[in-house]
Amino acid sequence: MTFPAPLTGVVPPVCTPLTPDREVDVPSLLRLVDHLVEGGVHGLFLLGSTSEAAFLTDAQRALVVEAVVAHVGGQLPVLAGAIDMTTSRVLDHVRAVTAAGARAVVVTAPFYTRTHRAEIARHYRRIADAAPVPVIAYDIPGAVHTKLPADLVLELADDGVLAGLKDSSGDLAGFREVVAGARSLARTTGFAVLTGSELVADAALALGADGVVPGLANVDPHGYVRLYRLARSNDPVGARAEQDRLCALFGMVNAGDPARMGGSSSALGAFKAALYLRGVIDCPATAEPQIPLSAEETERVGKHLAGAGLLQGVSDTPWGWSSPGGH
Amino acid sequence: MTFPAPLTGVVPPVCTPLTPDREVDVPSLLRLVDHLVEGGVHGLFLLGSTSEAAFLTDAQRALVVEAVVAHVGGQLPVLAGAIDMTTSRVLDHVRAVTAAGARAVVVTAPFYTRTHRAEIARHYRRIADAAPVPVIAYDIPGAVHTKLPADLVLELADDGVLAGLKDSSGDLAGFREVVAGARSLARTTGFAVLTGSELVADAALALGADGVVPGLANVDPHGYVRLYRLARSNDPVGARAEQDRLCALFGMVNAGDPARMGGSSSALGAFKAALYLRGVIDCPATAEPQIPLSAEETERVGKHLAGAGLLQGVSDTPWGWSSPGGH
Amino acid sequence: MTFPAPLTGVVPPVCTPLTPDREVDVPSLLRLVDHLVEGGVHGLFLLGSTSEAAFLTDAQRALVVEAVVAHVGGQLPVLAGAIDMTTSRVLDHVRAVTAAGARAVVVTAPFYTRTHRAEIARHYRRIADAAPVPVIAYDIPGAVHTKLPADLVLELADDGVLAGLKDSSGDLAGFREVVAGARSLARTTGFAVLTGSELVADAALALGADGVVPGLANVDPHGYVRLYRLARSNDPVGARAEQDRLCALFGMVNAGDPARMGGSSSALGAFKAALYLRGVIDCPATAEPQIPLSAEETERVGKHLAGAGLLQGVSDTPWGWSSPGGH
Amino acid sequence: MTFPAPLTGVVPPVCTPLTPDREVDVPSLLRLVDHLVEGGVHGLFLLGSTSEAAFLTDAQRALVVEAVVAHVGGQLPVLAGAIDMTTSRVLDHVRAVTAAGARAVVVTAPFYTRTHRAEIARHYRRIADAAPVPVIAYDIPGAVHTKLPADLVLELADDGVLAGLKDSSGDLAGFREVVAGARSLARTTGFAVLTGSELVADAALALGADGVVPGLANVDPHGYVRLYRLARSNDPVGARAEQDRLCALFGMVNAGDPARMGGSSSALGAFKAALYLRGVIDCPATAEPQIPLSAEETERVGKHLAGAGLLQGVSDTPWGWSSPGGH
């Protein structure tokens, strides 16, 4: 299939289910993909932050892309993160994920090294020159400690370097600047402006976002697809009600005790616990060195699911699951 | 050779010379190693930040370690960075660099992902469990945006997880706390406390550091070896004079125009320009997406070399070199 | 007048016009207030960040409140910032501004000192105990380097400590959490959730904000009042169009050259230049040590005004004004 | 007395003892001053961060300076902080503290507002123009979130704007750059380079600092005076031993539980608890909204005192003191 220009709709950053031994659990991954496709999503973003790309080895990354591409065939666009520190290392990932079938790559600003606006531009230009597929910028200052300036994104969009933006910065005002700029750039009609926010997706769509890439859509794809349709059909009141429900559900990310673990362990642990409790995946383990959720913390996740109406029919919820690696 | 416990002396983080096409320039690398060994250094740290580890592909990283290990044989300890985001990825690098002959690995806190004290501890414990060689912690908050707490380093030292610390944090007070703690831990007599500072190496040695790992030692290994010997022979006045000379030389890191490039492009570009001007390496190119120094900026580096007495006899300094990739 | 519970509508943080000698220009201040009242605003927030409260002496602060309160009588609510580092100093300002007639005070988290959640709570509790008027929390991490946690704001709202929140954090997701929490707290029906954003005011209102406190409303109060009414009358398309116009106008904050000055000099300088160009105030000077806009930079502000249709009838725009203190 | 140029020696930032009602306890303050003078200190720095200047009202600040100046007469230089956000507010404090008898003022970069190098320079120039006494720059990025660049400090020193630097940045390399620069500036022979570090005072003196301004010198002035003398008499081994003892004593700043309070409450609470336990001041209360140390936390402080040999002869240590405001 041709990659859509612009990419639109709900494009979840797909979680990477692991076995108790922290290997990729391919059957669970494919069940998760079926769950998302059945939920009506418009694309799949593999190897993003929610996918624990930062934790997966190169072999695991390749396995994820190959398995999913083989499974979904050409039914919907598959994007893959090429998350690494600098240009040459990113290009190695670009080669690997496109060889495995990804139709677009998602790339952050350089990290670990100190960087600069001119270096970020050079980074994306070099990568777009070499990549056989469209390049989408991934603005995630919480991870890379640099914010992509809106005017730089638009400059690179105008030059055909970037095919889109996935904005996980939390800065809706800056996002709006990109939306407005993309609208006024004649040649970037194909540029996709996507928000990574779980919590203000309705607002982002109302101000002109092309799509949403929320981690929580792993847990409740139907909810985000409903939200997207309500927003597109100009029903802001309906969209807001759905968003409010999803905001409450998102509270699960605080399930983990901050005295025991970091925000990533808690949030990714909660998403996986929710998928486990919903029966989608076989094991809620997160990758090392993340701290597993305790039984009590997992129970908190279950309460969020129940509150959002997502645990009907689950009669024997295994609250007491404890991480095989939980020591 | 057995890895020394503790590691002591001057252990430069070895620059990685590149060709104009940004491939590893092995002949230049080996000439640089000879230059360092001739300068009297006590060990070699490959694939650190100064080595542009964040910019090198896995194949380039392996090539660097193999080439250097084959060249130096067992004459002095060779450490290698295993710089990556999280545990499994780091372990892949640990396997690669030890297969290539590294005798110790240097590992940062997790980055890109949000982390936590408990996760940092778990990270080092998992790595030490699996690594066939000693593990040295690399405290570099400027790169990973997390400071290793002194008491955590000491806890892991006491448990035999860590064999040393390379402190590039700039926080001499925290460094002192580790020095003091290591001294009082009976079982960690082998724990090495090393500073990455170019500028307060004399102070670090005076308060008990075992060694120094300064990037500038690529340019002037003799200077840091003199400094180390003066400090060890209780000649603080002599050490301070040598340090003052090296501080002036270090001014080269500001050669690059901050309106055009970031601090890494400027500092690593200056080190490589200096090695080029001194005739040690064939090409001063830095890895993408770093911005090359201009001819004028390179000239500034030359003035620092001349000021430190490191350009005598160079009659035909090629100031006008311009980066082959300088576009 | 009784202070409204909750406070709603457009409540501009009123600029403080200065003379060329950097004294408060009371006639210009009162003309600005008339301009705002004529524009239909619902309240006035004196001594906020946009008012240069951080730059005004205590005597100047008192003069501002006294002059405005005397001028507007009881026609609309007058709030005043009590911006200082810690509890006792804030309480001195609370006494001064309420003596001068302010009907509510706006208070940040402690700053300069390192702080803690428990200390922030204690700070607000002590201040509310002593203040004779309602206390509104001012969440402005860009200034105080601490983000007020949504759950702490809600806890203090529930306890009757806080009467509202002015959120200048840029974090719309956190803002939404306060909106949702305030809605569900029975006893805080009077709690006002206000955004300080110029750029996502429409989104904040759509998700339930009670009002907006945008600095740009000094320049274009009619625009924000229109936006507020469109949002309240459930016309999101109309609100978005007005917001888009205001976003373009807000571009004036980048008028100042970042190589010459900081963001505050540029943004506050632009607001004052715009008020000067529109004929509202006599002199665009900002307080020391801010850098004045140049003639060329002022011209950029004028272009933004013209683009937004705010310079009609100004035939002799004095572009060439240069700061009397511009040295 | 004439203000010394340069200022040298041990110049403690004097704690401000408070009564249980958080008023300035003048008798305790004067006993503390006597304790410091008897300890051999070379100057007194009032209204610094350790003095809780950020917490004291203007009336309390004036009282502190008046009381101490009247008490010490001209026996030793008295400096005072003029800690506030921007130029005009700082100048009001400059007038107040010099009227009260301070012989020099200590001034930070602007804070709360976003700032810029050009604005910082303008700030110090305006203040030096108006101040009747020497101006010392206070580099404290932990409080003001801006680091004073070494080259800017030297430029202002060369222009006669600044009479010295108090460096509380923790960046010894940057400090060294100022020391080296001040040495080479002919006209700034009177420029004083002072470190605020408790923990690397020996290193700072060894590399050329003129003096030290350690908060812990309130607790143990004799220790820092011994350290200063040993450093000045070229006894680095003796200085290091004294410094090691003081580093262990400084551990008291972690007495407070970080789950209950911030770093300021803990550190300033510990200094005051130590002065109380040593019998110097009547009450260990810190200013609002700081959290008081518990009895158990106070006991930890006592153990540090005992470990440093500072509790001899105290037979009835009142461990059980609990804060009158401790609720």
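Think of it as A, B, C and D in the order they're written, each chain with its own count starting at 1.
In this text, contacts are C-beta pairs under 8 Å (C-beta built on N, C-alpha and C of every residue); 3 or more make two chains touch, one makes a residue touch a chain.
Since the model is a prediction, treat every value here as computed from it, not as a measurement.
J.: Specify the chain most distant from subunit A by Cα centroid.
T.: Farthest by centroid: D.
J.: As a quick test, compute the distance in whole Å between the mean CA positions of subunit A and subunit D.
T.: 49
J.: State, to the nearest whole Å, the distance from the C-alpha centre of subunit A to the C-alpha centre of subunit B.
T.: 35
J.: Scan subunit C for residues touching two or more other chains and write them down.
T.: Answer for subunit C, listing residues that touch two or more other chains: there are none.
J.: Which chains touch which?
T.: Result for touching pairs of chains: A-B, A-C, B-D, C-D.
J.: Once bound in the complex, which stretches of subunit C touch subunit D?
T.: Going by the criterion above, the answer is residues 22, 49, 54-58, 60, 83, 85-89, 92, 110-116, 118-120, 122-123, 126, 142-145, 260-265, 287-291.
J.: Residue numbers of subunit D touching subunit B in their complex, please.
T.: Its residues touching subunit B are 170-173, 176-177, 180, 197-200, 202-203, 206-207, 234, 236-237, 240, 243-244, 247-248.
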